[in-house]
Amino acid sequence: MVSAILLVSCPDRKGIVREIASFIATNNGNIIHFDQHIDFQKGIFFARVEWDITEFRIPRDQIGEAFKPIAEKFSMDYRIHFSDYLQKVAIFVSKQGHCLYDLLQRFRSGDLRGSPELVISNHPDLRPVAEFFGVPFYHIPKSRDNKRETEEKELKLLEEKGIDLIVLARYMQILSKDFVDRYRNRIINIHHSFLPAFPGAKPYHRAYERGVKIIGATSHYVTEVLDEGPIIDQDIIRVSHRDSLEDFIRKGKDIERMVLARAVKWHLEHKVLVYEGRTVVFD
Amino acid sequence: MVSAILLVSCPDRKGIVREIASFIATNNGNIIHFDQHIDFQKGIFFARVEWDITEFRIPRDQIGEAFKPIAEKFSMDYRIHFSDYLQKVAIFVSKQGHCLYDLLQRFRSGDLRGSPELVISNHPDLRPVAEFFGVPFYHIPKSRDNKRETEEKELKLLEEKGIDLIVLARYMQILSKDFVDRYRNRIINIHHSFLPAFPGAKPYHRAYERGVKIIGATSHYVTEVLDEGPIIDQDIIRVSHRDSLEDFIRKGKDIERMVLARAVKWHLEHKVLVYEGRTVVFD
Amino acid sequence: MVSAILLVSCPDRKGIVREIASFIATNNGNIIHFDQHIDFQKGIFFARVEWDITEFRIPRDQIGEAFKPIAEKFSMDYRIHFSDYLQKVAIFVSKQGHCLYDLLQRFRSGDLRGSPELVISNHPDLRPVAEFFGVPFYHIPKSRDNKRETEEKELKLLEEKGIDLIVLARYMQILSKDFVDRYRNRIINIHHSFLPAFPGAKPYHRAYERGVKIIGATSHYVTEVLDEGPIIDQDIIRVSHRDSLEDFIRKGKDIERMVLARAVKWHLEHKVLVYEGRTVVFD
Amino acid sequence: MVSAILLVSCPDRKGIVREIASFIATNNGNIIHFDQHIDFQKGIFFARVEWDITEFRIPRDQIGEAFKPIAEKFSMDYRIHFSDYLQKVAIFVSKQGHCLYDLLQRFRSGDLRGSPELVISNHPDLRPVAEFFGVPFYHIPKSRDNKRETEEKELKLLEEKGIDLIVLARYMQILSKDFVDRYRNRIINIHHSFLPAFPGAKPYHRAYERGVKIIGATSHYVTEVLDEGPIIDQDIIRVSHRDSLEDFIRKGKDIERMVLARAVKWHLEHKVLVYEGRTVVFD
């Protein structure tokens, strides 16, 4: 079964659900999921609609065009995706491998649906991991002086491969505004604290110093402001005085992996909508 | 704002969402929530639809009738509720007061919307609590011999008060099949274990003996089979060898209260659908 | 059974456990709990030792004096408590009652061991709650101009009653440095966020604006710097885009109650040691 | 730094802590951890004591002998381990690789301290994973008829390699009583439910059928009775009607991995004591 997924946001008013549902039913589609949300404070309507297109009367490459009149009538922002398209994913890493292993294993087992096309790193350490999973590894060392050139090299690679999603899997470098703009809402980072607490460098060290009783991780879309992008998921684990800084780091890894994997999964399944610095996640 | 809430289940087929949405939009209603679910294994469609009826063209007492043709077309089971009706709640307790306090406080603060009409108990202990919150308390002692008479007395009280929902807030008596049938899917019990583990008596004792590392609670609709009704919510808390049986009981109370309160809240907001021994909870 | 509880911290070196254990065994005490911790980074030894004094050879009022030589040998900070002393507790509240109900109910049921002596509030709203539980209620209105006088009134009350512990159960006022100094490490506050995120006013509003996916609460000792005192406990609950600000506030209440109750319980059982802005909690 | 770890259980009486602490201090050891527990119901004393032996006066191979008089005086069961000994671990798997990846990665990163010596499987599928991590892989197919022979082959391998701990990382075979007896309290299994719910086959299927709202995993020592061994750790994750059986299985994997890894870690650090079908875990 192949399905189409419509992601919509627009000012709320009467009749939106009817129009969308009519568009699908009239053309012989069968709705599988209809998730809708209204932000009453701001008067915005959101929906994620997924329908079986096996017997749909509109050819898939014309669905977007056919939906346009409805979109215009309600001033919708909208995107249409298809479930059989395997999104191309680039993973950026530094030296820490736990998130990379985890993601690649989930892709291999099918728990994540997508195609990891390349791993980019400023360090050579994780090449064997990428190669074990059969994913090309690019070692692109970075220094203060060559940031612009290396980003250009990276962007060229991403374009050649037709990358849809970039995952920063404990990548300890900050991307330029230009880079971020090219992949707006398509770069997912994992930060190793429950934001907005401990943004920036060494969150576990600072958490340890502060004497917190929980540590956490946050997956979010990358924006030009460090660790301030729209949050996709967060979770925590309890710690105590018995935990050393090393224990914080070790325990945190499990949370980082899960919180990152959930965000990647939701993104790949077109379940995340971004608006005004926040997300709607139709999980 | 007053809203209507439609709860529907029927065999899945094309066009259901369209018909429901058209019914609402055509009559000038504005959809606030549209939650839908399909059980693909069994081919069943479920929905909870809530819409603003301020400007709805069909008078509220005729909405059910007006919806009938659609319901028949799709062989729907359906119910319609209105947000401004305050459901009448009876709470059954024995000696333990933590769930009673908790529920009554939530009703008073408005976190639970409903009207606690009476507290029934086989022990007199919790009368002061009910009275503090201004809820009539009925002490109906039970013995092996008077079960039938006391249930009749209770049923009479429930009918006089027009009770919509019965909450067994750590009520340590088993209701007869007749009683349960009268309030099918309208009696919520809290069981102090994560079912299906430790059904029946003394779950904390048995959990302690077994040496588990988590304890939990389960809220469910009551059926004629003890602790086998459809589960509405469950949760757990960690325990360790440092916890005595008394600690299990004490820690468990917090979980019981929260798990029961969530179930009551969801029921009162018409968010729970029961089918084949399970629940769909549109939370 | 009556037990003595020794709380100790000192520079770590060889022989500390032996000396403490010998002191107890030689005098015919039976150790019930021996919890020890070393902060290796700072080289500090901590212990909480509890022993049955039923047959202890040193009279209880001389135990502190008898222990002094050991304390001096190891440069210990130490305190000795007895399990049969019921600590006197003052609870400060404003208008929100959920934590007050919860604490008083736990005291009544025996889940918290201590004696709630008075409730102080700058608003009259919660008087009925205090009175229902038989605890004197003092309404002390506060304004910008009378802070000093009202604090003096409060301090006088606290002294008259011989208060051991002050609990700020959603008390929305800031205490002066003088006040805090008088009850150093004996004032517990509940803050409705996972600190260090969202210190200060309106944390739920700011959490909602930021689009977080978890909300939380933090219990901590009060210091002169707002929301920066040593953390005793923290916990969180998941939220989503479906939760309104009102849902944040409602869900948060359950976390606040539990996190505050745990802190009060641990404090009353002499399980919390404070050092350098952090806590050791022998739970 | 090298440390000795003493694990002790005995009938509780006065003076035990003193004797152990004196033994260490008198011989110039420095206690790093002193964890103690008393089961008051049964009158049993437990302790885990770890001390720095850098300047300890008793040579390490004589410590056990030197401690004997104390052990006899108090009728102790005891074991002494040394922190610099790298335990040898065998991992048994079937076809599912998520726990195997996870364990091997944790060994490689140093988060688990131990030496994975071999992987044994009744299926060839996971050979590449073992080989990637440089661990010998033995494919030992099993059928109804060859259980005895294959177990003998396995036991021979385990003995040759001097295996200390066997981990059943989603190994779908039942070990014979003889096998279990040889490695009493040294075989850790992960079961994919929160025991005692859903013991035996297909727990996720049964959980799905029952309509539970949480799923979980349990790590435990293997005994001759299936899924009834002493529980080391358990945890859960929330599920809803939106989760299909496949989602249960996928979400469960994360819990299985973490709950198994924690049990293995605690075992390797000599933090687990077994008694009367339960565990004391000094985490």
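Letters A, B, C and D mark the chains as written, and numbering starts fresh at 1 in each.
The working rule: a residue touches a chain if its C-beta (ideal position, glycine included) is under 8 Å from a C-beta of that chain, and two chains touch if they have at least 3 such contacts.
Since we're looking at a predicted model, the values are computed, not measured.
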Copies chain A and chain D - rotation angle from C-alpha fit, nearest 5 degrees: 180
Reference chain C; chain at largest CA-centroid distance: A
Inter-chain centre distance, chain C versus chain D - centres from mean C-alpha coordinates, in Å: 37
Averaged-CA centre spacing for the pair chain C and chain A, given as whole angstrom: 41
Junction residues of chain B, two or more chains touched: 242, 283
Chain B-facing residues of chain C, complex: 97-98, 101, 105, 109, 111, 128, 132, 242, 250, 253-254, 258, 283
Residue numbers on chain C that touch chain D, as the complex places them: 12-18, 21-22, 24-26, 28-36, 38
Partner chain B, residues of chain D touching it in the complex: 37, 39-41, 194-198, 210-214, 216, 230-236, 240-242, 244-245, 277-281, 283
